[in-house]
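Shared between the two complexes below is subunit A, which has subunit B as its partner in the first and subunit C in the second.
Right after this comes the complex of A and B.
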């Protein structure tokens, strides 16, 4: 011990006489070793704590599983006409007054809701409310603490419970991106009467992945009638909301949205115009065909491409000559490909034309047509 | 007492199905992957096989194919999977799947389908 101390004292004494480069090297090495040691210590403590917590949770999880399977899942096997009474007293054996126990049990409720259909998700939701487990989340929503608010939104979404509606609507306009996104998904997923109300007030854009998530949630909602999304296909709303509503109108096949979509064709936003054209095609909007053909020459390539695709999807046969002209004369490969594909999409209406084109076309154009005729190739 | 082989790697789903079907007086054996399932099938006879499609080592489709073409088993097969792709489902039926139930599932529906498949097998045996 004393020799180590002596060595340290010598090191400190001689350190001042070392060349600068050596001094820097020693400092960097000491910092690196100390940092690595600290990181490992932190990881070991973190894992130990997690393991300890997991061990502590095991009996609770087992008891929770046992109660849920016994009182909810198994009883629901009794038949659709047999109402399942919620035996709240049976769940009183769980120490749900402890926050960590409540958190574990709620995670189990969410897992059960995710894995079972039928009456079970509703029963679990009812159990969650009757055991008063929602109170902590309701308080957390108003806590103003970012992590707590997000966790509360995740929990309430998982349980399908809408609380503090007005406050949550303000959260959909929050300056914090994560809170805003979670709140929007939460409202769309859980609001029983006005899940799309916030669309009218969106100031910050719905990001692409957010649109994807909202689309997924909306497409899974079977408990409410879908409103006409044409309401939001209007330049006064945020372009990202219009984009989402265009896709939704096409997905839910709402032909009443076609006039609003046609009006959107005059937008200066090229990307939005392309999405509009795409969805007019998906709605098979026959009345849009002449407008699309007329606007074609002035459009950028992205919109031209969508017009060709839309004409193929609508497939009325009224503008098959236009598609033929594009296939025969365009120099752009993508436009050529989509013109050919759209001709083929006309099926029986185009059979005569296809035979004729197979003979008249040469080189790349003929290859593109042959490629489009192959039903195994999708693009 | 009828015996059922459950091929499922998700512990939660395994446990839930096991309890649901045990309560209905079925004997349940559990395999966590396609390889284990093949071993079970070589060693014992089952009245029904319930399998997921996404399994480690050998997936559900491979298992169904091996059961029908390699082991030549005529045991009814119920696929329980989150895959809803039409083509995959059709492919499964072509390979010899008898019934298909989508995850998440309704336990009552599972119990009814299991009962029906076993009754059908009984009828065919007679």
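Right after this comes the complex of A and C.
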């Protein structure tokens, strides 16, 4: 032990005389030991803090659940027509003046809102407002700090509360992608009058994720009449907005969007054209069938595939011969497969043809038809 | 006199070069540690603000084919397939590829899942051995299941290729049938594909050892640190490699590899890149390299993501024999990749792949064992010839030792800061303490395997794949009774 100490003392004493390499090695070693010790100390403190925090939150969550169940959930389940008075004094037992407690309770409110339908989400929203829990989020919204703004948008969106409408509308044009995205979702979710206005001003693409989120929010909004999405199915708008509106028009079965969709078939953007064809199929646009068949030979494979799918979805039977021709003559396996699927999708209209094809087709084409006919094969 | 002067110059140069090499490697590790922490925090924050449950209900959610090859997995196949079928995702299929098993794997599948042979429109887009039969279940509860029975291709790559050929969807998950996946695996892995303005071609997530975990009906119910020493070392290595390495690389979009145990891929790009190479010993890294090459050659921007949450638990080798065989194969695979794709190295045409990923892997992965081995020989030489300066030698060894412990400790810290999978302190310490022993016990084994792998690759020695010899998981007592 004493020789080791002596060695260390020598090391310190002669440090200045060591070659540079050895000096660096010594410094790095000391830093590494210090870093390791710090890492473990931090690990201990952090884990302990988290455990302590969890222990602190558990009783609050239990009490919060108890109060919400007793005063909101059970009462609103009792009678549909009975208005539920919010017993704010009952919730005064929660230490909501403390930020951590307010944060925990708000997360509970959001979770309950996500898991219930009907009047309960509205009551939870009212409770949130009457307890004044929205004030911190409202302040954060204007704080100018990125994370705070986003967290506030997520919270207010989760609670369905629209605050600072004009300010939020400016946030939908923010240069920060996440702020912009959250603000758009927030406006679509909460705006009572013009939730879709920003569609007209979109300059940056809506990411696929954002399209999904907007689609979900819009499909769940029952409190406003849906606009005609054909308005945005126009080349003057951003392609990602057109894509979303094509999907929405099909989802809400808006046949008035069909002429706008047909006009979009001339777009240069192959991906957008394919989405347009796909949604014409979902709208069962009978008038689009001859146009699709006519444009088929000039199209790239992705659009050809969508045309075949669309003809199957529309299923009028007017172009079943075209599908038969594709099945019998195309060399492309995917086109062959979708031609077969679309023939089968014609159901009774194609029963005679299917019997005939079962006898006349051979090899891969026969196998493809059998594949499409097999009810066990789902995809 | 002149001879000794030349020798002195050579040794001085060698020592300085090695020091610079070590310093460069350590700098990279520190950089990766910092980048990984930023990437992990960013990923978790995104998760916080964007829920994933909307994907479950959305009609727009893209479909995923889960491709899992099975070779002689009769003992565990039923519970493993049930676990895959129970994944939480609205639109997916499970494609089990029975790769010519010699045991009762296929019979068990047929009986348990009420399978019948069907006529299936199969197109071989990427090469693989012949698929003899296709099976679907007559029970609607298992309508997502498709079983392929193929001629054994002597590699996982061949079986995965067959699965990809039969896959119905645009994305496929490559996994092993014995892996235990978290229920939300598909939801979490698909997110980066939709969340990036650039085309994402693959995503991966960390794997951990399932060896001592509690498993019930194919689901991990309690994560535990492996009891045996060898799997425990591997657990520590996995945490370091994924949390400190891959997450750091994710930050700069330079992920070198998506593990064969768990990865979600863009099927179109995989097919256009030629699929998995059955002749490759490191087929997962080879696949990623070829995908990146394809994107660069087509001048298409792309990204590969890693997410920090552990989504897959796999049984790691518990015996030295299996461990050595696996690591020799991995080392051989790495050497093989540099032989196959040698034109990528330092080639600006391949952007980050050629200028970052390949150079890093060449100098600090491929050459590291050779340099280390040469260093050991050199140490022995100078000891034998009494040329060693013991003080300096000890200082340099301490330098390397303390730094390796720091890196492992940081990865453990990141794990604890963010996930805390292990319930008890005891488990955390079991892993932390292991960092002290790793340079003396585990690392030499890895070094020997690497040298052996390179030697086998150089000499073209035939590789025997062998069997994993699974020991099974800690099943709950009730389940054991019912089984």
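Following the convention adopted for this analysis, the second predicted complex is superposed on the first by the 339 of 379 C-alpha atoms of A that agree within 3 Å, B and C clash if a C-alpha of one lies under 4 Å from a C-alpha of the other, contacts with A are read in each partner's own complex, and residues count from 1 in each chain.
Here, a contact is a pair of C-beta atoms (placed from the backbone, for glycine too) under 8 Å apart; a residue touches a chain by one contact, two chains touch by 3 or more.
Here the structure is a predicted model, which means the values were calculated and not measured.
When the two structures are aligned on the shared chain, A:182 is found in touch with subunit C, with no touch to subunit B. In the superposition on chain A, A:35 contacts subunit C only, with no contact to subunit B. Legend: residue contacts after superposition of the two complexes on their common chain; A:115 is shown touching subunit B, with no touch to subunit C. With both structures placed on the common chain, the touch criterion links A:197 to neither subunit B nor subunit C. Applying the stated contact rule after C-alpha superposition, one finds that A:57 touches neither subunit B nor subunit C. The wider contact with subunit A, measured as residues touched, comes from C rather than the other of subunit B and subunit C.
Of the two partner chains placed by superposition, A:164 touches none, neither subunit B nor subunit C.
Where the contact sets of subunit A with subunit B and with subunit C meet, they give residues 114.
Contact residues of subunit B toward subunit A in the complex are 12-13, 15-16, 19-20, 23-24, 103-109, 111. Partner subunit C is touched in their complex by these residues of subunit A: 7, 11, 18-19, 21-22, 24-26, 28-29, 32-33, 35-36, 39-40, 42-43, 46-47, 50, 114, 147, 150-151, 154, 178, 182, 205, 207-209, 211-213, 215-216, 247, 251, 333, 337, 364, 367-368, 370-372, 374, 376-379.
Across the interface of their complex, subunit A is touched by residues 15-16, 19, 23, 26, 45, 48-50, 53-55, 57-61, 63, 93, 116, 118-123, 136-138, 143-144, 168-169, 191, 193-197, 391-392, 395-396, 398-399, 402-403, 405-406, 409-410, 412-413, 416-417, 420, 425, 428, 432 of subunit C.
Partner subunit B is touched in their complex by these residues of subunit A: 65, 69, 73-74, 76-77, 79-80, 111, 114-118, 120.
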